[in-house]
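Next up: some structures, all given as structure tokens.
There are two complexes below, and they share chain A, which is joined by chain B in the first and by chain C in the second.
Here is the complex of A and B:
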């Protein structure tokens, strides 16, 4: 492991990669602060730039920097104007905004930055131990197990992401898998499901799909409801007094310890991610707190601010474990990162540590550096970065739309791609109206091709689908996948039946 | 019918067409030697088609009015779209389509400047003196960044200027 860390340091500490970390964190913070633009949209917009870099380590370091920056930027807008740009920072606004209204915006930002730093750093240390161990186990897997593992991943994502509506999430996953079958198939170069359209011969572009699913609906939501983007009202005000007292530091220290570990473990689970980690972190800390402390929650408690901030950053780091070791993304954001890696000709999975150790370790080391950059560089800059919140939406929205269009255009230089983007973006917006979860769709799309590749290999080896019950590990994983789908839906049904017995309130 | 159900119904139709292609059209176009192979281009689509039909049926039968999604505070209530800026949203979508169709003909600089200025005009910006210079400067800056720094070709001028 020591050698690995040294290798990571030597890659991450080159001038170019340091610039990538700093640049990524700054860009992420800048854009993440704009209400309505989450890490998924920002990373999707940044992918063409990262791919042009050519070097997978630099690209991943840049994108990971953007990811942390965006989460940090999201917390800033939650605290300053109560407009969380990202779902995972909603819990931050519960206590952050009351603090800012009480004139303690500077202090709230400092606590947020320190908590994010601690969460991210502890997460990175845990990743250092978790990832190689997991990769070792994963090396024993064959294509049959991989196929089953991907099915488990997809059903876990459907089970967790659907917020009780498993069928809807599953439907989105299947749609994603179907979209992945458009174009040439595994082992055969014949095109299928292209409806005779030449541009679909090589399938849908992943960047276009990512933009259409996240960035475009978000922008359309901003247009539809101007209250979502509370920019341009000059409400950000002056930010002074960034220091925190010793007592405050003492009171948040145990919170940070607990939430870094809890957040990380939640982040490792596919489908759970930063949002659940932050809400759970907030709830746990509120329940643990006693008397006066508990009453402060929701009115500007430092603990209430530190808990979700720490947990969401630790979870972000945790979500890299399944991505780097199994090649299975646990969240929408890591799915986009996976797509970017594939575009750079790197296939994440247990072989990543052996084939491209420099990428694996550089990403881990860059996480420390990224967290440090966020703390040292961004904190003093926050008062200036916050001026961005004063850009009028009349200018902001056309630019967001333009960057979305550009992102999918410059990768392909094909105007048809733009038409597909707009069409899919409108469909995705309608799906969002009806609360269909979109991350399972993208994850299904990205895993689709790998799923089919592994399925075809396993089928050819056993001359049929008998591998599903002949290999014990495959069978166990497939049973687990079915369980993951059935248990939550039966539970939801039972809860529904129970509720039916009780008279509904007015 | 709730929006959830309508979407599931459309998905059901899509799955039926998809399955028809997988089970019948693709099967018919297989070559004789391919018929004995254990994995074919339509193997996975067959599974997906059936799974998709099952999922959409579950959503159709399980999401009655009592299950339908009720928009929360931050959500958009699709039943009252008229209360939102739907006109602006539709016009911007139109502007994006126009941008996609005119990008090649007008060239990057003209199309982008027009899109940015038009977009802010749709959103209610009336300060032409500020809006037009910002759009043109931004288009030039981005073109320079993409073409000269990143090295990705973007045709700057209209088709008749080469």
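Here is the complex of A and C:
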């Protein structure tokens, strides 16, 4: 492992790669601050740039920098103007915005910076120790286990559902699975559902779909919904009181400890990711806080701010474990990263550490550097960063449109991709207006292909579906998946019943 | 991509410099039509060939156009539909054009194009994990006879695709029924390799150059490949034929021009490509990519493809794909 770290240091500490990590963090932070542009869109926009670099290490370091930066930048707008730029920082606004309203914006931003730094750094240390071990375990995985893993990933989409959106999230997932079946699959020597259109023979292109689902609707949304474009009136709290008191530091320390680890573990699970980690982190800390502390949640609790901020950054790092060692995207964002890696001719998976150790270690080392860069960026720049939120949308929207169209065209030089992009983009915008969550669609699309391929390989190898109960690891994973579906929904039902009871009591 | 670009610049510079001392290039320019995206095997073949041709001063300049869609079918259709304006275009293609035309996936076949030349090729190989008890193809056949249901062979192509056809050829040569062999398709070489190492499949059907890479990394053993003579780089890898199993297969890559191209122009292309093999610039590109020179020009190329088509067709009928 020491040799690996040295290899990583020597790769990551080249001038070019240091520029990549700093540049990536800067781009990610600044774009991530703009409400509505999440890491997925930003990474999707940056992919053509990264591919042009040609060197997979640099490209991945750049994209990873963008990823942390975006998560980090999102928290700034969440706190200052209650406009989470990133889904995973929605939970940040629960307590961050009340703090800013109470004139503690500076303190809130400082807590966010320190929590993110802790989460990211602990995550990187855990990645350093567990990723190589997981890479070895990965070779025990057969198609049957991969299939079960994909089912676990799919079931975790339930968490995207939010309250009362289970049906919508499921519909989106199924739509994603259906889109995945278009074109030739690895299993059949025939094209399916192409309607005779030759351009659909190789299926929908991943980058086009990602652009159509995230970046394009974002731009359309900004045009159609001017209210949402308002960037706040600028007086949402003078930035004062940067420092944290000793008591506050003491109260958030155990939160950071717990959430770094919990966030990382959630991030490791394919299909979970930073958004879920942040919500679960918030929920857990709220549940275990006592009396007055608990009552503070939602009204400007430092714990309520620290928990999601720490958890989402740890999860971002954690999601690199399945990506780098198993080749499985742990979240929508890493799914986009996976697409980028494949475009760079790197196939992530158990072989990555053996085939391209310099890529593997450079990414881990650049995570430390990235976290440091982010801390340095955020602490002194906090007052200035906030001002950037006032960029007029008139300049932002054409910029997004240009990069979206370019991104989907550049790899394939196929003009039909642009038609697909625009058509899908319009559909996606309609779905967004109807309040359908789009990440499940994309995750369904990505997992769908792997789900089908692994399922048919496993059934082919064992002459039937007996692998589901005959292979212990497959069985465990499938039970876990069932649990992931059943537990939150029954809990939600119980909570609803409770609420009903209260209401009746009134 | 930046590298490629600077190489093209370099090539242009060298050509300009060389142009003053050397004779005029054989052709002013070639436009390469690549039926897939940037970075694939077709892309590398076209850009490598163009690089060697310009560096050697055989052509004035090379331009490239990636046109993906329909697994390559879109570019074929484009070349045929716009034949009149495409006399300066060479399209790169490979074995799948034969297979896909046979299955009807492409409405056209190589016969609808002007055959220029097959330039390079790669043999196919069967590999096993380094820990496997299987030491030769004979061992694999014995293991298969003992337990056909759990002796699965994987590959990187769809059933009925190239890797599967190689498995079928080898098993048929061993006197087995190729339709009974369990073929497990993987969509990427990395995944197929992982499942070979994890023991999910007993053997893997893959390209010879890829197999050599695995063997040299010490992770896999080549138990047979489809060439007719051993290759110096891996002298201990045996051909199927020398083990007593008649298997002859080459995954070729070559160039096609638009239909109706004038005989002079087609011959000029063929002569230019033939001249390329003598240049050190081509040798450099070839060695860097690990390609094997397999040169079939004009009518030889047609005969070669017709023979391959016949063999593959017979097998695909047997396998039930036709």
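Everything that follows uses one rule, which is that the second predicted complex is superposed on the first by the 344 of 506 C-alpha atoms of A that agree within 3 Å, B and C clash if a C-alpha of one lies under 4 Å from a C-alpha of the other, contacts with A are read in each partner's own complex, and residues count from 1 in each chain.
Here, a contact is a pair of C-beta atoms (placed from the backbone, for glycine too) under 8 Å apart; a residue touches a chain by one contact, two chains touch by 3 or more.
All values derive from a computational prediction rather than experimental measurement.
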Legend entry - Contacts of A:193 with chain B and chain C, given as first, second, both or neither: first
Inset, instruction - Return first, second, both or neither, reflecting whether A:54 touches chain B, chain C, both chains, or no partner chain. - result: second
Inset, instruction - Could you look at A:453 and tell me whether it touches chain B, chain C, both or neither (first, second, both, neither)? - result: second
Inset, instruction - Based on the superposed arrangement, let me know which partner A:201 touches: chain B (first), chain C (second), both, or neither? - result: second
Inset, instruction - Could you tell me if A:245 is touching chain B, chain C, both of them or neither one (first, second, both, neither)? - result: neither
Legend entry - Touched partner set for A:397, first chain B, second chain C, both or neither: first
Inset, instruction - Mind working out whether A:141 is in touch with chain B, chain C, both or neither, as first, second, both or neither? - result: second
Legend entry - Contacts of A:10 with chain B and chain C, given as first, second, both or neither: neither
Inset, instruction - Return the residues of chain A at which the contacts from chain B and from chain C coincide. - result: 52, 185-188, 413, 460, 463
Legend entry - Contact set on chain C toward chain A in their complex: 1-3, 37-39, 65-71, 73-74, 77, 103, 105, 149, 152, 158-161, 182, 184-191, 193-195, 197-200, 217, 321
Legend entry - Contacting residues of chain A [partner chain B, same complex]: 48-49, 52, 165, 167-168, 170-171, 174-175, 177-178, 181, 185-188, 190, 192-193, 220-221, 223-226, 228, 392-395, 397-399, 401-402, 405-406, 409-410, 413, 415, 418-419, 421-422, 426, 430-431, 433-436, 451-452, 455-456, 459-460, 462-464
Legend entry - Sites on chain A touched by chain C in the complex: 51-54, 138-143, 184-189, 191, 198-199, 201-202, 327, 342-345, 347, 349-351, 354-355, 411-414, 416, 449, 453, 457, 460-461, 463
Inset, instruction - Could you please specify the touching residues of chain B with respect to chain A in the complex? - result: 2-4, 7-8, 11, 15, 18, 21, 26, 38-45, 48, 51-52, 55-56, 58-59, 62-63, 67, 69, 71, 74-76, 78, 81, 84-86, 88-89, 92-93, 96-97, 99-101, 103-104, 112, 115-116, 118-120, 123-125, 131, 134, 138, 142, 146, 150-154
